[in-house]
Each structure stands twice: as C-alpha cells, then as structure tokens.
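My structure is below; once you've seen it, I'll send some questions.
Chain lettering (A, B, C and D) follows the sequence in which the chains are written, and residue indices restart at 1 in each chain.
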Amino acid sequence: MEQTHESRAFGTENHSHTVGYGTYIMVWLGLVALTAITVTVAGMHLGSLTLLAALTIACIKTSLVAYYFMHVKFDNMVIKVFIAVCLLIFLTFWILTFSDLSFR
Amino acid sequence: MNPVVEVVDNSFIFIVAISVLLLVGITIAMIYFVFRYSEKNNPKPDQSITGNTTLEVVWTVIPLLLVMAMFFYGYIGFRDIRNIPPDAMVVKVTGRMWVWSFEYENKKKSDTLLYLPVGRNVKFELSSADVVHSFYVPAFRVKEDCVPNRTNYMWFHTSQEGTYDVFCAEYCGMNHSYMLGKVIVITEKEFLEWVRVPDTLKTDTLKTTTTSVVAPMTGEVKADTSKTAGDKKDTIKTNTKDTLLRRENK
Amino acid sequence: MTDTLAAHEGSYLEYEGRHKGILGWVLSTDHKRIGLLYLSAIMVFFFVAMTLGVMMRLEMLTPGETIMKPQTYNSIFTLHGVIMVFLFIIPAIPAVFGNFIMPIQIGAKDVAFPRLNLFSWYLYMTGATLAIISLFTGGGAADTGWTFYVPYSIRSAQNVSFTTLAAFVLGFSTIVTGLNFIVTIHRMRAPGMTWFRMPLFAWGLYATSWIQVLATPVIGITLFLIILERLLGVGVFDPALGGDPILYQHMFWIYSHPAVYIMILPAMGVVSEILPTFARKDIFGYKQIAISSLGIALIGYLVWGHHMFVSGMSDTARIVFSLLTFLVAIPTGVKIFNWVATLYKGSIKFSAPLYYVLAFIFIFSIGGLTGLVLGALATDIHVTDTYFVVAHFHYVMFGGMGIMFFATMHFWFPKMFGKMYNEKIAVIACTIIIVGFNILYFPMFIMGYMGMPRRYYDYLPHLQGWHILSTVGSWILVAGIVFMFGNLLYALLKGPKAARNPWGGTTLEWRVSSPPTVENFDEIPVVTGGPYVHDKPTYIMQPSKELVHENGDKLKGETLKAH
Amino acid sequence: MIEHTEALEHTATAEHSHAAAHVHRDDEGSKMGMWLFLFTELLLFGGMFLLYGGYRFAYADGFKVAAADMNTFIGAINTILLLTSSLSVALSIAALQQNQKKLCLSLLWFTLLCGLAFLVNKYFEWSHEIHNGIYPGGPALENMSNGEILYFGLYYVMTGLHGLHVVVGMIFIGFVMVFIARDKITSINFQKLENAGLYWHLVDVIWIFLFPLFYLLH
C-alpha cells in the first residue's frame, strides 16, 4: 500500500500543512501581475505568437493556483500521479484530434 | 479484375486466415486442457505453475508482429483506395434524403442511376445537401461519407460492364434503407451518346427508376416503395421546413 | 477453507435497520443492497432491449414490411442500442457485482462513499425514467441510432432531446460509481492486501473506473450540446451554421470507444476469478493479467478514430488510428493466453460458471479477431456500417460481456442469495445459448461482407436466406435465455441452501457467510498472500485472536484489535 | 510472484487501515474523491475547449472579428475578481487551521461577494450582447459569418456553463459556512472546507483559460 508510506512521509494523515498568509498573498500578487501581462501582450499584435503567449501565461497561472492554492505542493504522490494521468489523457485527445484537423 | 477489389479481398483473407489459426489453436488447447486435466484425470493440481516469463514474451512479441503485418496489408490496400489515378473522370455525387444525384463534367445531371463507361477510372466528389450519407458500392469495395459543407472523394475502376448496387451506408432517417441506386457500366460509345444529350433524358431516367432497373426490393413491395417514394418527398419537406421554422422562431 | 467463522449478525437480506420493507432497500447505503437494486433495475431494461432485438429480427425475416413500418424500425434499433449500451452493458457488471463483491474481496465493510453510491442508483433511475418518458412525449422515440450523429440528430422531428438527456444523466451515474471504486480500492484494502495481492476482478474494476471518470464527461458535454442545439438553436455542430459533423464524431467516439472497454474489462476480471477457482490452482501470469487491464484502458483512449475511417477524416489520422487500434490486441491476447494456460495442469472441476467462461473465450475471440478486420484500413472501408460491424459488436458485447454477465450470475448467485441452482440445467441452457448465438450472429458476418448495410429496414431479396437463418438463431437464443433465467428464478424461490464456499474459491468473499452479513466481516481480515493460492490459507479472518497466537512476538496484538 | 508475508509490513498497514476504519473518517480518501470529481469537470470543459480549438483552427479570422466585440476591460476585472476570491478561500483555510473562525467566515463571505460581483458583470455582458441581437437565432448573429456564429455559440455555452459552476461553487461554500458556524468543520476537521476550496479554485482555473481565449484575440 504505497500511499500509506507516502502519506507518512508527508506527515500525519488527517492534517495538511499550514501555509502562512504571506505566501498566499505573494501568489495572488503574481497572478494579478500575470493577468496584467497577458492583457498587455495581447494588445501588442504579435500575430500567431499572441495565442502562444496567452496560453503559456494561462498555464503558469494555473500551475500557481494548483500548486499553492490547491495545495498540490503538499499532496502525496498518488494525487500528483492522478493529475499527471488526467492531463496526459487530455493531451492525447488534442494530439489525436488534430492529427485529423490539421491534415485535412 | 479490379485492382482495389483484389487488394481488399486479399487483406481480408490474410487477416481472417491468421485469425482462424489463432482461434482454432486457442479453442483446441482450451478443450484439450479441460479434458486432460479434469478432476478425474488429474486429481492433484500442480500448484507450482504460476507463470512463465519466456511464454509471456513469446505471446507478446509474436502477436505484435502478426498485427503489424495486418496493419501493413490494410495500409497497402488503403493507399490504392485513396490514390486517385490522374486520368480519372470526375462525377459529383450529392446525397440528399433519400436520393442520390450525380453530375457529370459537362453538367449533365442524373438521379439514382449512375451511368459510367467501362474501363475507366472514376473519381467521385461527394457531398450532401442535408445530413450525413455514405456512398457505398459493395461490388467495388469502397464507400465514403457524404458530409454537408464538405467534399470528400473516392474512386474506383470500372473493369466490367454490368449493373451494380449502390447503398447509402450512413444512417440518414426514415428511408435510409431505400436510398438506393445503381451503377450501370456501359461501353464507352453508349456512354458518350448518353452523356451528350442534356436534360431530355431526365424524365426518362425517372421513369426507369420506378419501373424495372432499380426495382429496389421484391416485386410485391414495389408498390409500397413507390408509395414511400411519394411520402418521401413530403417528409423531406416537413423535415427541412421544421428546422427552418425552428430557426425562425428563435 | 475451514468454515470457522460463525455469522454473528443477520444476513444483509434480512437485516432491518432504520427503515423496514421496501424503504429499507431504496434508502439503504449497504453496498450489497445497492448492488441488488441495480440488478433488479438492469434486468428489467435488459429484457426490454432483448425483446426489441427479437422484434428487429422478426422484421428482417422477409424483405419489405413484415411486422412494422420503417419509422418504427428506426426507433426500435435506436432504443435497443441506447438501452443495451447505457442501461445494461455499461452499468451491469460494475454496478451490480462490482458493488456487491468487490468491497468484500478487498476486505472492506463498504465502499468509500456509501451515500454517493446510493445516489448513483438514483441517477440511474432518473436516466432510465427520462428514457421512458422520451417514448411517449414529443415526436416519439428517438430515431438516430445510439450514436446520435449530427446533423440528423439535430433535425430529426423525434424526441431526441429527452433520449440524449437520459444518456447524459446515466453518464453521471457511471462517473459516480467509478469515482467511488477508485477511492475504495486505494483507501480501503484490508491490511496486507498489496496491489499485487488484490483479486483480478478488483483490478478490472479499477481500470474500468478510470475510463468512467476520464472519458464519460466528454460524451456528457457532447450530448448536452445536442440538446442545446435542438432547444435553443445554439450553432455548434450544425453544418448550416459552419459546424463540423466530423468534429462531433470525434467527440462522440472519444468517449464511446473507451466505453467498449468499460463494458469488457469487468467481464474479463470475472474470467480471471472463475478460471483459477475451477482449475483449482493459481492463475497463470497474475501480474501480466493485472497490468494488461491498465494497458487496455490506456490504449483504449488512443484508438477512437477507427470508427471514422470513411467519415472524411484526414488520411494521416486514419493511418495513425489504424496503427494504434492494432495495439489493443496485444494486452487482450496476453489475457487470453494466460487464461488458457491457467487450465494447464489444473484439476478442473467442470461446472456451469466455467462452461460459460469457456464459451466466452471462444466467442469473444471471434469478436475480437473480427475487430481486427475492422481495424485494418482497406477492409474496414468495405465493411464499415454493414452487418459485419453488427456481428462484430454483438460477438464482443453480447458474446463477451453478455455471456460473462450470465457466468457472473451463476458464479456469485449462491453467495448473493444463499441459494443453489440446478447446475445441469444451467449447462444445458448455456449450450443452447452458444448454438443460438452463433446461428444468430455468424450469418451477419457473411451478409456484411456481401454488402448488407446496417440500420436497414429492408434488404435485397438475394440475402433473405441468411436473414432467415439469423432470425431462427434468435429464437433458439430466446429459448436458451428463458431456460437459464427460469432456472435461476426457480433457485431463488425454491433452491436448496448454498454453502459458504460451494466452489472452493480462494478470495475473501468465499470466507464470509452466504449471504454475507450486513457489515461483511466481524473483523477486518489480514491478508498474507496472493488471491488465488489454493494450498494454504492466505487470509487471517480474526486477526485479534489468530495473529497474536501465530506470529506472537512479531505482531503487536493491540494494533490489530478491531471492535 | 507474490512474496509471502513480511510481518513488519503487516503491522504498518494494519495500523493504518484500522485507524481509518475506526475514526470513520478518511480525509485523504475524501480529498482523492474530490480530485477525481475535479477531473471530470476538467474533461467536461476539456471537451468544450477541444471544440473551441477545432473551430478556431478552422475559422481563425471569424473568431478574431467576433472577439473584437468583447470588452477586455470587463473580462480582466472578472479575472481579478475570481483570482481574489481564490485567494480569500485559500486564506480562509489557513485561518481555520489557526482556529480563527471569525476571520475564516469573513473571508468566505468575501469570496461569495466576489463570486456575486463576477456574476453581475457577466449578466451585464450577456445582456449587452443580447440587446445587440447577438444570440443564437438573433437578428444580428444570423447575418454574421460562420466563424462568428460558432464563436458566439461557444461563448454562450462555455461562459454559461462556467457561470453555472460559479453558482454551484457559491452554494457549496455557503453550506460549508453553515457547518463552520455550527462547529461541524473545525481546525482539526476541515476537509469539507478544503474540498469546497478545491472546487472554487477549479472554477477559477477554467476562467483563467476562458479569459484569453474569448477576450484576447487580436
């Protein structure tokens, strides 16, 4: 039962870590800043780069939210693997669908 | 013989042959074990057997090779099915509930009956006026969907004179099973004569439709068929009108 | 296999908790009672859908009109497909036997979220009710085929919205079950039950649950969009507004291909339970079978495009999907070969459940192997959307999962109801089913190759011989199935009492009484070995007494004391 | 194949399971269930995003034209609102962990307020479009190109579905607040709050993608 060992390694079962208010506020500031950046970048008429930039920034924001606000940072391996599997499957949906759309 | 037909049938035989071998092997082994190691013949099971790595590798790798061969055969045939010879004549095919319409390069139109010259490669440009249909000519082993707002293509070679069935293979509503047609392969000369005459033949064609050539189903049903062919038009109308109405209301 | 454990509590069938009578069932959060709730609902729909199937065969007996009009036929095959897929085959084994048996097998007293479990049954009933309502309201039963292809499903004047809504709700029901099982399997295995000591049925369900959780939402949203298009005219799929019907097909099959593995993986799990039980030896290649379930689930996500080889998808995608499709055969083959090898040097006790399993291996192999004909590009272009496909999927769905559903019922019947059926009759019924089944569906392969398209109300006269043969097969099949259910029903009412472990099974469910008590175990057992070890016990049923005694100093008694 | 018992392993696992069985509470399991549920939500929207991707790929120009109609400012405000509400949920958990029940509750009230403000903004945005005749079957939309029709179809469905999730999230948080007020959720038993938070963050994450995809196409 590996998750048992893992949860042990990460501390007690029924208590997650306490994060200081400061960390959260810093993360929030980062998120707001990224929002400002994405709006600015979108206004700069970079052509096809606009989409790339917007998506990259959205991904960074999502990781911040997941990692700190959603406490993935403190979650045990099982949940991290779950998330990876979910994203991987989602990615294959895209890749395979576009193997059709982009070649026809 | 028609090259595409040959390659499709051959890959079918190839896959089925391997499959039958595997199936027979598995079934015989299974039945043999059940009798040979029955309670009566083998009262004491051998508990030491729990697996065998060599065997696992064998029955992973050999099937892998077999299925890759199957894929490859299918792919070869597919290449032939999709690669249109440059000299192909073009016919536009439009599916609509529930008739096939054909348009030749000189804009001549025909419903239900598709006249083609013998010994030619024919490319079909498929599209649909309403819902998805599928243009299927079993004798030539090809089909491809007719999708609204899109043009798909397929081709075949008319190797022999004769009359061949056309089906609609994608479900398209009430009379899906009556959305039939015929490929009529005639000599080059006959064809040229036929295709040259513009629309005078149209009424003629329609007459043929309801009489002998298509005769979709058995004689007895024929009366019925023409009746459904009658409502058929109405249903199309109501159907499309319905959608339009819905749109307008919103 | 000594029956030392006495049942202290009453059986779950008789238990009266907060509510009595029927309320004690429909408000119960006991996983076993919920299993039976599912069983009763599913059986009703199974019979309805089977009757529809037989009606279709009757219609096909002669060309032209035999017993119904085209519009009726179209609604009937749609209903038959929808009910069979969404109301029978997807929930059947997980929701009935998964619910009932799996928690016991892993040594748990219930699933992780018992109330959610009950909720999933209510979702199922809601979906089922919606499906029934769809028959009698609006334009009548949907006539789109179970695939709901656009734009026909947007335009059809029939009551498609309700039917899709039903499928949407049923989707959520399976999601909830899947979610529940994943958490149950991760968190509630008995002490000592490592992943590789888990019974293979639980492995099958685990893989299935992941498909349920990760694939079902996609069809949920897709069907939801159809409803929006029909009701509000939101243009997302309608080609008249620029929509792309092929994109719809992608979305549909992204779910519906993985869904076929939702259907078969639990059934394969049961095969892996029944074979070692009746061969009386450990299963051959336990780890390979366990992992191959995950393999099938994973590859199952990558192959949906093989349903669209003639849809106008790009040639590149067709080739990619064809290649990937063939990979599924490998883990499936691994399972088949290991199963057959399990029989080698066993001491085989021939009985009804085993007979059904042998039938499964034979029939499913035919279905799976013909799947390869469909997976190959050249041949699929010819046989897609013909009776060849109809034959393929009845061989894998009915001959695979359906037959295993019957096997499962025979295997766990004594456990679930504490009654025993007549095995001879069960074997005779199975023989009739096998014969009828093959006469019914094998001609469809031939017709398909001859070019008989599917979803056809009518056909050309030269095919009539095959159609008659097929219809006659359906009658034989009816006889077999009626015989089989009659036998079970009789046993339920009048059968002799079943022993705790009538087959000599080695997994935990055979260690508890038949039928099990409300909480399954007096004490959570401790697991000391693999699930199919026959020559020594691998479970300690009352660790508080036995463990301290056996390995005295190594184990601290107090940590294991339960209750 | 199967190693036979190591007694040590037993004790370890036995201890664990029994703890879980006796407390009748398994926070880790509850969290796992919540994450699995989030995956289904993610893939539900994932399907929509896939559609969006497909259509944007096919109708890049139409999408750009249509997006010019969107008010980036309101979109950005809404983004900030949701980000801030995510912050306050995260903070509320920290507050509860430190036994500051009052602070926790006020932070959750603040979250609800942000959610409400978001919905009000959305309401105005939608009514603006609808007023201009841009809605399925609407007079203005009828005359637009296919790309624009698809853009607005997706816009309404996706933001509508997202809005629905905001409402559900608010209800979820509302229930949790009642539990906190009644001390059913406490500093040592706060998994329900954590789960509500996870849900709320997911709603936020989806908006993080919706915003650039619908507002920022220049």
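Points worth noting:
The definition used in the following text is that a residue touches a chain if its C-beta (ideal position, glycine included) is under 8 Å from a C-beta of that chain, and two chains touch if they have at least 3 such contacts.
The shown structure was predicted, so the numbers you read here are calculated from the model rather than taken from an experiment.
Note on connectivity: the fewest chain-to-chain touch steps from chain A to chain B number 2. By number of C-beta pairs in contact, B-C leads when B-C and C-D are compared. If you average the Cα atoms of chain C and of chain D, the two centres end up 33 Å apart. We define each chain's centre as the mean of its Cα atoms; on that basis chain A and chain C are separated by 35 Å. A straight line joining the Cα centres of chain B and chain D is 46 Å long. For chain B, the set of residues that touch two or more other chains comprises 50-51, 247, 250. Residue positions of chain D touching 2 or more other chains: 1, 13, 16, 20, 28, 32, 36, 39, 42-43, 46, 50, 54, 58, 136-137. Contact with two or more other chains is made by residues 1, 3, 78, 86, 93, 97, 101-102 of chain A. Chain C makes touch with chain A in their complex at residues 186-187, 189, 193-195, 210, 214, 218, 246-247, 250, 254, 301-302, 304-305, 312-317, 320-321. Within the complex, the chain A residues that touch chain D are 1, 3-5, 7, 13-16, 18-21, 24-25, 27-28, 31-32, 35, 38-39, 42-43, 45, 50-51, 54-55, 57-58, 61-62, 65-66, 68-71, 75-76, 78-79, 82-83, 86, 90, 93-94, 97-98, 101-102. Those residues of chain C lying in contact with chain D across their complex are 109, 112-113, 116, 175, 178-180, 182-183, 186-192, 194, 196-197, 213-218, 220-222, 225, 228, 232-236, 241-244, 247, 250-251, 254, 286-287, 524, 526, 528-530, 533, 543, 551, 554-556, 559-560, 562.
Taken in their complex, chain D has these residues touching chain A: 12-13, 16, 19-20, 23, 25, 27-28, 31-32, 35-36, 39, 42-43, 46, 50, 53-54, 57-58, 72, 76, 79-80, 83-84, 86-87, 89-91, 94, 97-98, 188-189, 191, 194, 197-198, 201, 204-205, 208-209, 211-213, 216-218. Chain D contributes residues 1-2, 4-5, 7-11, 13-18, 20-22, 26, 28-29, 32-33, 36-37, 39-48, 50-51, 54-55, 58-59, 62, 136-137, 145-147, 149-150, 153-154, 156-157 to its touches with chain C in the complex.
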